[in-house]
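Sharing a structure below in structure tokens format, with a few things to ask.
Chains: A, B, C, D, E and F, in written order; residue numbering restarts at 1 for each.
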Amino acid sequence: MFFQEPELQYEVTVEQPDPHFAKLLQQAIGGQEGEMRVAMQYMFQAWALPEEYEEYRTLLMETAAEELGHIEMLATAVTKNLRGSSAEMDDDARETAAAAASMTGQNPRQFLSAGQSAMPVDSNGVPFTGGYIAASGNLAGDLYANVMAEATGRTLATRLWEYTDDPGMKDMLSYLIARDTMHQNQWLQALETLDDPVPVPASFPQDQENQDFNYTFVSTRRETQPNPEYPWTQGETPDGNGQFSYAAEQSGDGNVVAPDPDPMTNNDPNRVAQSARSADSTDAEANSPSESADAADSSE
Amino acid sequence: MFFQEPELQYEVTVEQPDPHFAKLLQQAIGGQEGEMRVAMQYMFQAWALPEEYEEYRTLLMETAAEELGHIEMLATAVTKNLRGSSAEMDDDARETAAAAASMTGQNPRQFLSAGQSAMPVDSNGVPFTGGYIAASGNLAGDLYANVMAEATGRTLATRLWEYTDDPGMKDMLSYLIARDTMHQNQWLQALETLDDPVPVPASFPQDQENQDFNYTFVSTRRETQPNPEYPWTQGETPDGNGQFSYAAEQSGDGNVVAPDPDPMTNNDPNRVAQSARSADSTDAEANSPSESADAADSSE
Amino acid sequence: MFFQEPELQYEVTVEQPDPHFAKLLQQAIGGQEGEMRVAMQYMFQAWALPEEYEEYRTLLMETAAEELGHIEMLATAVTKNLRGSSAEMDDDARETAAAAASMTGQNPRQFLSAGQSAMPVDSNGVPFTGGYIAASGNLAGDLYANVMAEATGRTLATRLWEYTDDPGMKDMLSYLIARDTMHQNQWLQALETLDDPVPVPASFPQDQENQDFNYTFVSTRRETQPNPEYPWTQGETPDGNGQFSYAAEQSGDGNVVAPDPDPMTNNDPNRVAQSARSADSTDAEANSPSESADAADSSE
Amino acid sequence: MFFQEPELQYEVTVEQPDPHFAKLLQQAIGGQEGEMRVAMQYMFQAWALPEEYEEYRTLLMETAAEELGHIEMLATAVTKNLRGSSAEMDDDARETAAAAASMTGQNPRQFLSAGQSAMPVDSNGVPFTGGYIAASGNLAGDLYANVMAEATGRTLATRLWEYTDDPGMKDMLSYLIARDTMHQNQWLQALETLDDPVPVPASFPQDQENQDFNYTFVSTRRETQPNPEYPWTQGETPDGNGQFSYAAEQSGDGNVVAPDPDPMTNNDPNRVAQSARSADSTDAEANSPSESADAADSSE
Amino acid sequence: MFFQEPELQYEVTVEQPDPHFAKLLQQAIGGQEGEMRVAMQYMFQAWALPEEYEEYRTLLMETAAEELGHIEMLATAVTKNLRGSSAEMDDDARETAAAAASMTGQNPRQFLSAGQSAMPVDSNGVPFTGGYIAASGNLAGDLYANVMAEATGRTLATRLWEYTDDPGMKDMLSYLIARDTMHQNQWLQALETLDDPVPVPASFPQDQENQDFNYTFVSTRRETQPNPEYPWTQGETPDGNGQFSYAAEQSGDGNVVAPDPDPMTNNDPNRVAQSARSADSTDAEANSPSESADAADSSE
Amino acid sequence: MFFQEPELQYEVTVEQPDPHFAKLLQQAIGGQEGEMRVAMQYMFQAWALPEEYEEYRTLLMETAAEELGHIEMLATAVTKNLRGSSAEMDDDARETAAAAASMTGQNPRQFLSAGQSAMPVDSNGVPFTGGYIAASGNLAGDLYANVMAEATGRTLATRLWEYTDDPGMKDMLSYLIARDTMHQNQWLQALETLDDPVPVPASFPQDQENQDFNYTFVSTRRETQPNPEYPWTQGETPDGNGQFSYAAEQSGDGNVVAPDPDPMTNNDPNRVAQSARSADSTDAEANSPSESADAADSSE
């Protein structure tokens, strides 16, 4: 269960309000790389873990609670960038066309739908979706998902940092970037505590997978090429269970594949047998690209 | 540019058509863990890479082309499970209520929208979305995303394998599981060829991140707890740049955070100044939970 | 900022695991009427409130924290319904066709994507979306949104209660229904503490709205009908600012409305001026339904 | 069934075309607070009502028909703002970079996808979704949803009114704001005609809800606080069925909650029993954070 | 503007309620091929047409109004299939497990979210989206979109007709199928009244398109194949402006394509220049697949 | 199965990088009218075709492979417009506010999420969705969908062509427009090879559709109008099976339609029978608009 205190995890200040930056910050709230995603992702992963994984469950839930606080920090940053201070944007200023444009030229919904507030959407105004969340029930797979989430999250935060010159915003982002560093490291460390997770899922009996294709790089080039001798076409594999090899060509099964027709679906694109059928089929022959199509029609 | 041949990459057979399994297979086509996702993900990642990353670009594009072939195999598996062979499901059988239910009781759109064919949707019928695709422009982050995609993809394939008893389907899945093993290994190997990618993005100057919080596990427990001495609260960090430490408590900034009001948004929940204002405020006092709210109203 | 404890807000037990009920419970987690919606909705509403609304901000944030705990309770209920106890569903049983169907015949993604766990989706497997969240920046509007959210949420919970016979589930739902009762009451009470919120937004100067149509019921019946003398076609209005009246007919502006053409859009559906134009227009005259369309073409 | 006439419900004029305002207006067409939502919402609510609610059904359907006319007015306003009059924007002007930017710098799809026309999307270009529509089958809940929809809809309209200086647009919005005033009042009035709707659903036997928690405000503060004596922590409740009380702390169930493992899901993150198992577990002990995780592995 | 009457366009009866069919009918309401799509599509198309296309505008708007009535008929069919008559499903029956399953085993949200009513979703419960709607501003393109919408709509209706045995439902579908026949014909007829619409958009000056590729079928087979002499690789083209030809091979531009790097994005996957750089690069050489990657790193 | 070569199908050059145009180009990649849609649409259509339609299957798959190459060309165009050449945008320039705005003022996610690369989203940043894809299983319906897709796709490409002045971009678009011309023609030609496809689906026995309404234009005007004698209200129908006629009025079924109540849904909006019922009903009578509503309540 959850508790909350009416203070921020870390101070958020804005020296110079910037409505455009308020739009960009939304990516870190409701975007694919944002904090709503990781907060919920870590929770759902935790709730799937059985009792013997208590340490990991704790790790996930506590990090989730922290991420909730990051959403709050970013929402505060958005309102501060949108509303400004009374000194800087007085009523008169707001009524000028320029101010109006700065308010709505960005993410219009921050003004129209939310009255100059943060929203559960990304920097293009696309609503957050549960489709961003990865929680597979397999801890190793989930930890890779978390490394990836923190990697793209930290990349996003550094791009926001590159963009802004506001000292307050740079300080907040420096904090969030630091937390992403920590979280990348903690998920990598958690992966290392697992015996031997690769390939995920490790519990699947590997002798049941096709032994001819499980360590072979298959080239999809149009014409066959010699083995380029890359680290992924020769040498030992990272999971320690095989040797990379190289196939210059996809094997193929040699057959054109086509499903059977299904009479109940009205899939037939031509009109079916009628008294005037013979007349119709005369035209059809002139146009129809092959005999086989005609044959199909008449067989019904 | 792309080429295609009218044969499958690997043989797909179905001994006993199973419309319900046709529904489950959709997850591997248009689902969050499916092949449409990885095919497009690897392409978009490749298209972002500059010239000096030619080997990785090739690796990504060739794997993408292979994944397109996997969508094709799975689509074939879906139609074979839905339509059956003419011997097994003749016209009469299809017209029985039981057969009808088996056709529509699953994913109704496979029948209603697609005439017993595969669709670009997941096992619940939710359409594929570009929101599943991760392509950050940063190769290291993308490679972690790919390890994760193949990890959840292989987990999905093993669950489908556990579910089905059909020898043809088990064989196809054994092939796809093997390819996922290869792909996990190749992305991990590609990560190892990078100098020192962690934390992602590596090119951000790490001395610009907040040095007090970048290797510290912050507990979010309600009451402070002693350091549990987990591998992520002490010892060296996986990136080799720090030592894990433990903070028993979120620091907090000590302030209640509230944004400034914005007069142009009509955010004020009470009716504004009118001749009868004094009368209104009398009622308000009786109800309003605090003086501050009143003060705010009267200041307008 | 947020804290969490590794216990549930209220006990969750399942006597008889029911995979189908696990599917239905998803509606209360990631559905339009679910707990993810209200948890995030109350947070975003709180973050928009200026300092003078501190009491409401507290009310919103504390309720949000409680709702996070409800997601956790429901996720626990889902895993308990899916996985059962070791006594009831042993390995053998799971391998029978019946058990397999019960695992996958419901929401296949609970098995395929999440390994028999809760997901951020609704009872049809549709992912949660930020589009469900209402946070307008106007406290009165938001409070009505909250009454509505708790009304539809409680309705959902009572339908789940009607459906299940499991004593544990009935007890959990009885608790959640009680909380919804409280929350409906608290939002209604908060509305009553506002001076005079209707119509929302109250701060808009009402003399700026069209005075001929702001308290009139406009009938859209094809033929005019006498005033049916309903409570909304006569008598005082709930906001106390007017009298309901009745218009038997939409007034209409009397004009066909059509926009100007725009030459840069290639909107013209016919091929434009060419040497063979005169010949073409002969055919056109035979087909074209009116002179005006021709005139338009030739004027270009 | 529906009829339509080729005139607008109310006149729509634009003195000075403003492509940016055309973008903002989309929020009132296809947005969460827009007219497509209410038009369809009122219809679906009406279609669910049994015969004894004929008056409400009529009320809903007639209002729905009116809202369809509002979509039409707004679509007209969009095209007028985008295409301008022939006098103001001639062909030459359109070809300048400035004009091109004004056409595409806003919502590019209004130009690219719709040839300078209105679209079924919101002000950020996000398509309208049925997920915005609330129709619960319970009239009281639906009426609260309608009050809320008209409250956020009117708030949106007032913000558009604040933004524009165009007399034609201000006049159209003044009309739409007036209609929203009427509709808020009519839904509130309809609620008042119900006997005793709170809590929704009223038909659920209230003695079946948990009597310890149905009128208690539960604080989620980290440390217990005294009763703040707000209107929602003491006094009579708006439904007239109870007294508000205050709980300084969430009770909690005292247990860590964790689901059972499920062997068929391949959830186990470590490689399963092999001949080299003993050797592996030696490494594992060095890394694994606890004995319990090991125990779980070896039990398989 | 719109009017409505409280009767259906065509009678809707259900002899034997069938909750499963109620689920299937949703596809025709809120699905990609459904009536919500065409109703809104025809409106948005109409609103884009200038004055000279008045006949088409009328055609579109009147058909739109008819389609609104079809949504109403289908919603009625859904409630009749779900709720049954009091004779057939009394209270006792509903409380049996079987009845409960029949109510919720289908689209759970029809019960949980809508109280056994129709919803703005498809047969899988996926909400209707504005993304289904095509309204391009170009009348010819729109008319093809309408032929296609009625073609897939009629196909859907015939599949529903094949599925059901209920005489009332078959009669309603026979009516809707007839209307789809009419609508396909009217859109095709409207296309024929246009002078010369192909290729769409006709107003684009065709001499500006690349003259080497506008009537050539380009084979994407891996190995070049002789001209198969299909109707689309030889002979006159349907637009009457060219002759089909055949290219056995994609030409290709002969270059590997790679974008320039961008220093502000933190795209570089390796850690950037540091004092320990020389040491790092030693390791890198051992792993990195090529010199070019190293060169890129050191150039920064 | 698929193959790819590391060169583009056609050369892509950009003389003057234009970040705003990079945003517009996204519509042709991940938009409703874009190349991701047609590439996947043609594949799914092909995979549904039985063996006798081999020529059409080949036609669809080869065109799909070509469209994959178009996505690649457009992605290349996006990165070239975003990143520019090193000569034009050096590091200093990028750091100016103007450059920063040009990078993020457009589609922020191209910078924030993708590091100045193409994305699987449209020009407003809305992710690609499988909901755009039409593949009905009926070849004739699918071919109309393809004509429509190429019609709206070509319209989009011509609007992009109108917008840009860059010679490289105009050349690329001239190529894509030419391909769209070819593809419109090939789909129309393929339709002509079918015997008699209209109305779609042709295989449905047309004597089963309601014969009174299948060739009648039904006016939805409020007051009856005389037959306007348009080509779609008189004369032969395009399918050659009937004569257009005109109905001045929707017939209607003469009944108000309302579903039965369902006791298990808690749909009743009033509190149910209690000891204090008589007292309640007194109030109710004063407010309730009709006797019938009361009657319904008391009957429970």
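Criterion: a contact is a pair of C-beta atoms (placed from the backbone, for glycine too) under 8 Å apart; a residue touches a chain by one contact, two chains touch by 3 or more.
These figures come from a predicted structure and were not determined experimentally.
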Least hop count linking chain D to chain F through chains in contact: 1
C-D or A-F, whichever has more C-beta pairs in contact: C-D
Interface sides of chain E and chain F: same vs different residues, half threshold: same
Where chain B and chain D are represented by their mean Cα positions, the distance between them in whole Å: 24
Residues within chain F bordering two or more other chains: 1-9, 32-33, 47-48, 55, 57-58, 61-62, 65-66, 69, 72, 76, 79, 111, 113, 115-117, 121, 124-127, 129, 131, 136-138, 140-141, 152, 155, 158-159, 192-193, 200-201, 204, 220-222, 230-231, 250, 252, 256, 259-261, 264-267, 287, 289
Contact graph of the chains (line, ring, star, complete, other): complete
Complex contacts: residues of chain B adjacent to chain A: 3, 5-12, 32-33, 55, 58-59, 61-63, 65-66, 69, 72, 76, 79-80, 82-86, 91, 94-95, 103, 111, 115-117, 126, 129, 131-132, 134, 136-138, 140-141, 144-145, 147-148, 150-152, 154-155, 158, 161, 171, 174-175, 177-182, 184-186, 188-190, 192-193, 198-201, 204, 206, 208-222, 228, 230-232, 237-239, 242, 244, 250-257, 259-267
Chain A residues touching chain F - in the complex, by the definition given at the top: 20, 23-24, 27, 31-33, 122-126, 152, 155-156, 159-160, 163, 220-222, 250, 252, 256, 258-261, 265-272, 280-281, 283-284, 287-290, 292-293, 295-297, 300
Footprint of chain F on chain C - complex, ascending: 155, 158-159, 162, 222, 230-231, 264-266, 287, 289
Residue numbers on chain D that touch chain E, as the complex places them: 1-9, 30, 36, 40, 43-44, 47-48, 57-58, 61-62, 64-66, 68-69, 71-72, 75-76, 79, 113-121, 127-131, 133, 135-138
Sites on chain D touched by chain F in the complex: 1-5, 47-57, 100-101, 104-105, 107-109, 111-113, 115, 121, 124-127, 137-141, 143, 192-197, 200-205
